[in-house]
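Take a look at the structures listed below.
Two complexes follow with chain A in common, the first pairing it with chain B and the second with chain C.
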Partner chain A sequence: MTHFRWKQIGFACAFVGALWACGGSGGSDSPAPTTPTTPTDQAGSDRKAMLTNMADNIILPSYANFKTKFDLMLAKSNAFTAKPDKATLTDFRQAWVDTYVDWQKIELFDVGPAEQYTLRNFMNIYPANTAGIEEYIASGTGTFEVPASYPKQGFPALDYLINGLGTTDDAILARYTTAADAAKRIAYLNRLTTQMNSVFNTVYSAWNTGYRDTFINCTALNAGCSTSKLVNGYVLNYERFIRSGKFGIPSGAMTNGAISAETVEAFYKKNISLTLAKTAHQASVDFFNGKSVKTGEQGPGFRTYLNSLGAKDSSTGTLLTDIINKQFDAVSQQLNTLKPNLYEEVKTNNTAMVQTFTQMQKIIRMLKVDMTTAMSITITYTDNDGD
Partner chain B sequence: MLKSTSIVRFAPILFSVVFFTACKNGDENPTTIHPQLRKSVEYTKLTDTTTYANFFVDEAGAKTVDLTTGATRLLMFRAINTYNGTAVGTGATLDAAVLKNMFTNTGSPFSGTANTGLNTSGVQLRSVTASSLSAADAEKERQTIEAGFTAISTASKSVSAVAAEGKAGKLGTYLVDEKGIEQGQIIQKGLIGAFQLDYISNVLLSDKNLSADNLTLVSGKKYTALEQNWDEIYGILTANPIYGSKATATSSGESFLGSYIWEYNKEDFPKIHPALLKGRAAIVNNDMTVLKEQVAILRPAMEKAIASAALGYLGKWKTGATDAARAHAIGEGLGFIYSLRYAKLNKGDAAFSDAILAGLLSSPNGFWGLTNAKIDAAATAIKAKFNMPL
Partner chain C sequence: MLAYFRKTTSAAPLAVFRLLFGLMLFGSIVRFWSKGWIAELYIQPRYFFPFYGFEFVRPLGQYTYLLFAICALSALFVAIGLFYRVAVTSLFLSFTYIELIDKSTYLNHYYFTSMVCLLLIFLPAHAYFSVDAYRQRRLLAGTIPAWCIDSLKLFVALLYVFAGLAKLNSDWLLSALPLRIWLPAHNDLPVVGFLFNYGWTPYVFSWFGCLYDLSIPFLLWYRPTRLWAYAAVVVFHGLTALLFPIGMFPYIMIVTALIFFSANFHLTIVRKISQLLSIPTTFLLAHRTYRFLPVMAKLTVAVLTLFFAVQFMFPLRYLLYPGELFWTEQGYRFSWRVMLMEKAGYAQFTVKDRSGHQTIVNNASFLTPLQEKMMATQPDMLLQYAHILQQHYARRGFQNPEVYVDSYVALNGRLGKPLIDQNTNLANEQESFKNKAWITQFNDKIYGF
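Up next, the complex of A and B:
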């Protein structure tokens, strides 16, 4: 069939068709399309300002502060493994506490290199798997890369190794000096700190060799860019690792009331668990408000960005950021009612632990639903498909 | 004017055209060169809420859309998935023979009131699975799917056990095999690729199929072969009258491929229903230009959704805080990575998919030996292939 013939036929059809019936459109011109004016992308420039402030005044200085403490802890660890005695143990423990507290100020930056290299998995998965740690010590080997090894390393493993091996300092020191496997235990401690150092430095150096620019320049709102990743990582951290990890799981609030006090953070040291939780909570509050780690001044952050978007409670007209900060305050006050040892709190004052979880749950709803809706950001870390 | 032979040859068509004649404004479809069977559809009459099945009618007002064949296959896919779910749901031991019969629609394998019609539908999934490939390659892929049936059947025998490294059973609410692989996901996500993506994108939307007869009605039907070809796409993609209309902030309201376009290709998701409508209208209008424009929306959108889903689940392996969450994530991820072989626009093939799968499962303990490095290598390969930012 040639086109020529089809054209002939088409022509004939059109002719016949015209005779058949032709309801014309009346000849009215369709309205000329209006050229959309290019609006200045206020939200985009707000995001750029926010990301820049977060990178330069919060994330990078927080990483740097942590590194200072961390390097000191590594030095104290090396001093201890070179010569395990009461003095080196005491020094190591203090440095471990200081570094662990500072860790709470960087754990929330679950974006970029920390997300890619899953920094948290190698630093703070608890409770420590003590049986697994002992197996690794005995065998003198074992991978640190698979998920099953996460609770055999990081701060919780160090907690076990410097606080949990005996009821007295002498008993603990004996495990590093006179015990048959003392050399293997020392070797494991060295492996642990080497591993932590390696993973942290991978993240730290990526931030300081290019990622900072990638981060502040990826201002689009899609799931692959900084704001979405940052918000996802931030909310995930508060939900799973502050609310659930520190309170929901030990108190049984998330496990049908089945309490498990031994799953608190810093289980062997115990009396710093509240400090760790408070520090993590405050870091999230400060991050929300764009508070500079260097000056203590508030700058562009989630708070200013939400205000700029005009996010308000529709019924009362109250700014969403005021509502969120009020709830953050409520959590802070609740935390102030707790005693330093959360293990003991679970055992003797668990109602307050559950109340803390409940207050934090209110924050999660605000951050995960209200904040993300206002920002047009999708929570991607949950599974929505329901299969 | 016309030679008499031509008149004889085209008389039926001419008659039809005259009978159902369309009103053609000269400037409406300048590229149209074929006569039309039906009255032209004005594209501007299509809206985001136009119901696909009701909109397209013949001169007598009878619907020309028939979703039966596509919808039947989607129900078969759902039936397989539902049957697989009974292992965890009710502790059932799964029978691989039943699954194979569901795949080939042999021996009345479908039960339940919603599915009784499937047994006598005369269509099956297996014949259209991986059907863009050569006969030998298609057979290989079909056997891969069937190997999954055997694997899930074996795993289901351990459904009351708790899984561990080297041990099949349940992790949380997920049934995994002795290597920690959730075979139900391998099957489901594998069929999303081998059945839905391959059949829709590489067969029904192929140039060959899009040149199907559009001038005569299929005997005894109200549609042309090309119209039915397009309707099959709709029926396979969604069971909803308006694709995507049930989506909320947290749920797609769709299933299988249709839901993953929502979850992993938010940008293209709202374009799908309009493209399906416009493509169907273009077929009515015999407007190959506009038809091809819709194909150019649909095919890349589906491939992007599959690739993004693969990456998304690799990421969820990382963020998963429990073995159960990680196993479920990688089960979905492995299924989607398998399906990348059908992303032909992006030059996906079996070698590409299989190399990534081999890398991920290089340890004898499978899931239990996964590391960040293996996940990252897989993600990097996918991003490079699909031109996504690294």
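Up next, the complex of A and C:
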């Protein structure tokens, strides 16, 4: 009798053990069959289809587009440092604007190599630390790898170096030609672009040499897998780097009205700050809707995934994705009321800046609470800026 | 009634339970330690959320490791039955102390473990097959009062029944929430994953889970169904272990349910272990019945009666509060409400004073991600945090700081809405067992328990 029981218990244990083993193998290391790049006929809840669309139609082409602009900017920068004059400066500036705008379309992919190598830290931490930059120039050396060095590099540092050194082009050019430290300044500019190029290429080549497959095959929803990391990076980007960075901090909305207009993005160029903000916002909207960068058509993304989960306002039956898109529209309209120079807007029309922050705040709640709870994803990121 | 208290039964089930439970706890603590959670949860955080009435329980800094070491050692001593009474008391105290440090880490199965340890203090689990009995043969007893084992069974039954009753609500049964949210997250599992894309799957899980909880203690108790019931225990808890990140709980329940098995079953286990360890069989033959001293017997029965009276009533205390339990969470903890809610929230605090200071708080500079997540949806923790902020900013030069919170909470897939009245200065509110009037109305209805 007792032996019979032991057998049965053993059988039950084996059954659960089998279930357990099945669960253990689900995850990043399952073999990767070739997947169609435009999976249109798959169920919306298929995370692999969603991740594939995101990787192949949004993230990789966005990186490739950025790289084209970025390489051009590097060429223009080299032309400028080889022969600083009005023509090369103008070219460099234009290429910098184009690249900076495209940066806004990839900053939100804070997942995989970009997260691992903290790409943003080397590209777009502002306001630029101009005193620190001048120290680095004077000493001719200095690390780019520590947090204190982040505001001394990337697009904001370039902004200072090509737009902020003087009130006229001649005055700026003089700093690269006739000034005592001209050679050192040129050397710094070269160091800067080399550093940006090195970090970006590390991320870019990682995506193109294997990470793409890792990304689409890590379909589990736990904190270590793609969907969770993607959502966390996406919400973090909107909250901290669009809402707070571009509006909350300059307008003083987050600090009891203590206005700091000089903390706007592209402070020295000034008239592109709204464009940068709009581009970043639109990139987030398009990514939410799974819009292909190649074709402009919507595919599997957060929108289709949430719809397939049936996420809706239970009292009215409105789809959560419609509610979120409506709020995205409200932000877009608010952005359209602003003038191109956000520095000036903070100085003269700050109410509108604060209103933008408030509209964005509503999006944050929906993304951070309603969207993540419907997806059963935990927000794991922490803010690390001081209070 | 009196006849029942004179009834005796084999001591083997309790001894095996002691052994497995002790080993399980020892393993849990080793696991906890090896994952680095002692530092992460009890040393690194800057602030903690003690339980109301237990504010004297403070983290011990580096000595927290010592506390865990004592706890692990006690568990091991309980398992082998060495210095049993001292060991189990020390296990209860150290384990409970750890669990009382921070609400953020509250789990029902930690509470269950604490309560079982408390019960074990009063039960003669060392009378049979223990080192104590080996060293002091006059302690050795083959039979013990039947109520000693029945009290453990009753406690396990209470847990399951209350857990089942808690599932008798409209969200769980009629909307299959929160499983409808959680299960699709596993639709990429091999073999069974596709099932989680069907709308009816969460209903099957919900109803099965509810019926399981309500019936399993009785099916385990009743001999003809016992074996199948145990198979169900293994499958059910195995599945939950597979699908949800609930740590050791499934294994603890799988082991605990063995208490329902017959004396012969447990004697077989004891014999097998003895063979393995070459323990003389004479040690296994104990005909004496364990006798409490008359005064101890009375005291123990009184303590257990009180224990069960509290255990019967405590999960029902929520009835004394107005409002929706899932929303206010007044009377939610310590009530065997397991996996009933998908609740997520966001809380942005503003601290200001009359002289014009005002700041928006960055929660991350005060709390860990886990603490922030827990705080954002639980009113009593929101209040505790508000007081932490009040004291912090008072030291920073704010005069009588006022603390307001802009909260946003989503429950079981409903759209988020404020949980706390935005105009309440939380610095002025005090924790108590009274109703917290500053929690907003839920404005929806969840029917049932």
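The rule is short, and it goes like this: the second predicted complex is superposed on the first by the 337 of 387 C-alpha atoms of A that agree within 3 Å, B and C clash if a C-alpha of one lies under 4 Å from a C-alpha of the other, contacts with A are read in each partner's own complex, and residues count from 1 in each chain.
The rule is short, and it goes like this: a contact is a pair of C-beta atoms (placed from the backbone, for glycine too) under 8 Å apart; a residue touches a chain by one contact, two chains touch by 3 or more.
The structure displayed is predicted, hence computed values, not measured ones.
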Which superposed partner A:Arg365 touches (first chain B, second chain C, both, neither): second
Contacts of A:Thr378 with chain B and chain C, given as first, second, both or neither: both
Which of chain B and chain C A:Glu145 touches, first, second, both or neither: first
First (chain B), second (chain C), both or neither touched by A:Glu115: first
Touched partner set for A:Lys278, first chain B, second chain C, both or neither: neither
Which superposed partner A:Lys229 touches (first chain B, second chain C, both, neither): neither
Partner chain in contact with A:Leu221 - chain B first, chain C second, else both or neither: second
Contacts of A:Lys105 with chain B and chain C, given as first, second, both or neither: neither
First (chain B), second (chain C), both or neither touched by A:Leu309: second
Where chain A meets both chain C and chain B, residue numbers: 5-6, 8-9, 12-13, 16, 20, 22-23, 25, 222, 373, 378, 380-381, 383-387
Touching residues on chain A, where the partner in the complex is chain B: 3, 5-10, 12-14, 16-18, 20-25, 115-118, 121, 143, 145-148, 222-224, 236, 240, 373, 378, 380-381, 383-387
Residue numbers on chain C that touch chain A, as the complex places them: 180-182, 184-193, 197, 227, 230-231, 234-235, 238-239, 241-243, 245, 264-265, 268, 342-346, 352, 357-365, 368-369, 372-373, 408-410, 413-416, 444
In the complex with chain A, residue positions of chain B that touch it: 1-2, 6, 10, 13-14, 17-18, 21-25, 32-36, 81, 165, 185, 188, 249-252, 259-260, 263, 266-267, 312, 315-316, 318-319, 321, 323, 326, 328-329, 368-373, 376, 388-389
Sites on chain A touched by chain C in the complex: 1-2, 5-6, 8-9, 12-13, 15-16, 19-20, 22-23, 25-26, 30, 43, 45-48, 219-222, 254-256, 309-311, 313-315, 320, 323, 364-366, 368-370, 372-376, 378-387
